[in-house]
Every structure is written in C-alpha cells, then in structure tokens.
Amino acid sequence: MFRLMPKETAYFDLFEKSAKNLIQAAQLLEETMKDYGRIQENANRLERIEHEGDQITHEIMAKMNRTFITPIDREDIHQLASALDDVLDFIEAVTERMVLYKIPRVTPQAQQIATVIRRQAEEINKVIPRLREMNHATIMEHCIEINRLENEGDRLLREAVVQLFDGGGNPLDVMKWRELYDLLETATDKCEDVAVAIEGIVLKNA
Amino acid sequence: MFRLMPKETAYFDLFEKSAKNLIQAAQLLEETMKDYGRIQENANRLERIEHEGDQITHEIMAKMNRTFITPIDREDIHQLASALDDVLDFIEAVTERMVLYKIPRVTPQAQQIATVIRRQAEEINKVIPRLREMNHATIMEHCIEINRLENEGDRLLREAVVQLFDGGGNPLDVMKWRELYDLLETATDKCEDVAVAIEGIVLKNA
Amino acid sequence: MFRLMPKETAYFDLFEKSAKNLIQAAQLLEETMKDYGRIQENANRLERIEHEGDQITHEIMAKMNRTFITPIDREDIHQLASALDDVLDFIEAVTERMVLYKIPRVTPQAQQIATVIRRQAEEINKVIPRLREMNHATIMEHCIEINRLENEGDRLLREAVVQLFDGGGNPLDVMKWRELYDLLETATDKCEDVAVAIEGIVLKNA
C-alpha cells in the first residue's frame, strides 16, 4: 500500500522539532549571558543540543533524498533546514569560543544581542507550525518581526564594535570580542535566512 | 486573458535596474576613496542605495516565487539576483565600517581596489542588457573582463595586506584595515560570482 | 547518432581528475608543514595545481550547462564540484598567506592539521571512483571517516587557538596565525562538504 499523507506531515513534524531545539539553545545562550558563572556547564549543554540539531537536519535531508514527491519544493526544504541548522551552529559557537578564549565577563551589548536572538528563535518557533496550514498573513507577520529584530541586532552590534575599538582594551581581547560579535551577528543573520526561506515557501504555496 | 510576454521581459528590466543601482554604488565608493572628506555623507547615500537594491532583489525573488514559467531557469535567476545583491552589500559595508571605525584616511591600495570594483560594476552594467538577446560572444567578453579585473584586485589586495603587516601600525589599526580589505576583496569576488551566474545562463540559453 | 554512454562516464572521469588533483595539493601542504624551507617553491606549485583545479571545475560546470540529461542530478554535480574546488582553494590560500605574512616557522598544530587534511583528501580520492558503481556501504564508510577526521581537525584547531592566545605572542603574529588556523579549519570543513554531497548522491541513486 502506498500512503502519501504520513510522509507529507513528517517534514512539518521535523521542522517543528528543529525549531523547538533551537528555542532551547537560544534561551540557554541568553541565560548564559545573564548568569555567566554557568558558562562551562551551559556550553556543554549547548554542545549536546547542537548534536541533537545535527541529527534532525540529517533526518530531514535523508528523507528528502529518499523520497520523490515532497509537500514543499526540495530546494526550499533544503534551504529551511540548513538555515535552522546554521542558527544553532552559531549560537553554540559563541559559548564554545567564550570557554576557549577564557572570557572573564560578558559585555552589556552581548547580553542584549543574545536577547534579540532568543526573541528571533521564539518567532521562528511560532511561525514554523503555521506552515502546515500555509496562512499567508500570519506567517508574513512573524517573518517581518524576525527581520525587524535582525535590524535591532545590527544596531546593537554596531554600537558594540564602536565601544570595543574605542575602549582601550588590549589588542588580544579586542580580537577575541571582535570574533564573538561576529558570531552573534551571523546568528541573527541566519535567523533572517530562516525567514527568507519561509517567505519563499509561502509565496509558492499560498 | 493570459499574457506571457510582459512577464518575460520583466526579469530583464529588474536585472537592469539592479545593475544601474550597483554602478551608482560603485561610483560612490570610488569617489569616497578619492575625496574622503565626504565619507559620512556618502555612507548615508550608500545606505539608501543598498535599501533600494534590497527592494529590487525582493521584487525579483517574489516574482519568481509567484510565477511558474520563467524566461531563465529559476536557480539562475536566484543566483544572479543574489550575486548582484551581495556586491552592493559589501560595497555598502566598506563605507559603513569606515565610519564606525573612525578611519582617518584611506590607503592608496584601497583607492585602487575601489577603482577595480567600479570598473567591474561598469562591465556588469554593460553585460546585463545583453541577456535579452543572449549574444554569446559579446556576453563572454564582458565576463572575461570581470574575471581579469578580479585578478587585478587580488594582486592589489595581496600588496595591501603585505604593507599593512609590515607597516608597523598599531595592532588595532591593523585589525580594522584587515577587515576593510577583506570586505573589498569580497566585493570583487562577488562581481566574479555575477559573471559566473551570467556565463551559466548563456551556456544554457545560447 | 545520439550516444548517451560517453557523456555519462565523462562526469565520473572529471570528478576523479579533480580528486587526484586535490590529493596532490594536500600532500604538498603536508610536506610544506614538515619541510618549511620549501614554502616559496611549494606555494608556487600549489598555485599551479589550483589553476588546474579551476579548469576541471569549469569543465564540469560547462558540460552540465550544455547537457540536458545528466547521470547525477545537476544540483548534486554542482555541489560536489564546488566542494572539491573549495577544498583546493583553501589549501592553496594557506601557503599563499604564509608567504605573504612572512611566517618564519610552523606550529606543531598546523603540521598535525595538515596531516588530517591530507588524510581527508585520501579518503575523497578513494570514494570518488566508487560513485561509478554506487556501492552504498563502501561509500558511506569513507564518508564517515572524512567526518571523523573533521572532528579530529576541530579538536586540534581548538587546542591551537587556545595556545595562540595564551602564548604571549605579539598581537600581529596572533592575528596572522588566527587567520591561518581559520583557513585550515575551513579546508577540513569543505572536505566534510564533499562527504555531504557524496552522501546525498548515494542516497538518491542507491
């Protein structure tokens, strides 16, 4: 017997699983920035969450490569799964690098940007389940909010970089923080890529 | 009534609009490097041009997602539109970063590389309108010139980086310029990506 | 007369040529790290190998754009050819940058990472010929080994970066090595991308 429906909803299940995993990671990043004493413990937890995310991504890609007919265009499945995976990778990279670089304390801007990323992840977590019914207006609202947050993150990052170079810190510390801000910026950018992938799907299917 | 033709030329119109926007940005970058006193004013203008570019890119992508039949392969439209958008983003990023980093003056190499980028943008602006008639020989000539200019830019960037590290500047200034040269290099690389996208289109359609 | 077979094997021939070119480059990188006195000579040789690689990649892409039916999905051909090209580019960038930055001697970690890259290239060189018969089990074994080596490279790179920032070197030297480690890391990542592309092909065709 050839059943099409179970396969069709499986992608949506996997994307939701991926988004739930992502919001956990983003909350943990925000908590770490607020309660920096737990950096080592949280970095370890984030590493496990990131592995879990890798497995979900792998499952989506494998399913896509095995099946001929997909409920969403293959290229869109690929784009969305990759973007979700990338956000997670960059969130995890931030805490890993903070441990490696023995960063003694966080900056206020890093805290604020982590909050922006957590709010973007929340929007992603809200919008992904809406792909099942493809409600154009609701989905676009969340995507616009993700983009607005990316602009807010950009503004914070510009502020942070100005302070970093004006602050008279020693060059090695400036180098480390320049890299950390770059990772945070890329995380917010990748959230925007998630929104772009979702917009593409909605425009094709609405 | 179903009219196919107006839709078919619309992509070419939008790509030309995108290329015209790009040449404006590239000219402004070159002018800024020659008359650095106008950096703040020109950075603001470039920000507006970049927003305009975002809208054109968005229009191309939205049209592609809404229409079933396209005059050029969808993946090629996507690749060309993204590459054009990327060049613009990196040109804008250079002036934005120069303002943020309070760069007091430009280096001769930065001037020369900006000229290379302006010349690449001119080639792009000449070659894009040729996509309408798909004249293989003419189009390839411009693409080869874009690649030749990328090699010239590469040579200048290598020189610039050698001088930067040999120059005995303070580490924070070296860090800032290393980043600026990286943005300039990526701008020339993205021009080459435009040429690669165009070559792909021509090979399929000629 | 319409002959399909010669065209079908041509892609496999080109991918094997690309993999053979890559293993030469990776061996040369490893040798350079062990016998650093030959850096200038080897950097020149690597530049020629990289040009040769560009031509093979160009040949694959041009063939793909000219032909309508391909033995492997076009997107997969594109992904595999690009990933192979990227590994080569980053290997070449390492030696080019070492010359530009006048690096006087190599670190033990750079040596070890170069060995990891050479072993990844060897796996790639073994697995590519297996695409002809699409033997799922054998191919996956090599892909898993490429990924395992990437994890080993990651561990070495983390160690290297910790020592770099703890080592009390002068900031400009730290900056140069931070960049070199980044290039080495990207080379191992791109080897993993080759494995991902190959896995995708096998899952679709096995």
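Chains: A, B and C, in written order; residue numbering restarts at 1 for each.
As a convention for this text, contacts are C-beta pairs under 8 Å (C-beta built on N, C-alpha and C of every residue); 3 or more make two chains touch, one makes a residue touch a chain.
Remember, it's a predicted structure, so these values are computed and weren't measured experimentally.
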Inter-copy rotation, subunit B to subunit C, in degrees (Cα atoms; steps of 5): 120
Self-contact between copies subunit A and subunit C, residue sets same or different by half: different
Interchain centroid distance [CA atoms averaged], subunit A/subunit C, Å: 28
Residue list for subunit A, restricted to those that touch at least two other chains: 75, 171, 175
Contact set on subunit B toward subunit C in their complex: 75, 158, 161-162, 165, 171, 174-175, 178, 200, 203-204
Complex interface listing, subunit A residues touching subunit C: 61-62, 65-66, 75, 96, 100-102, 171-172, 175-176
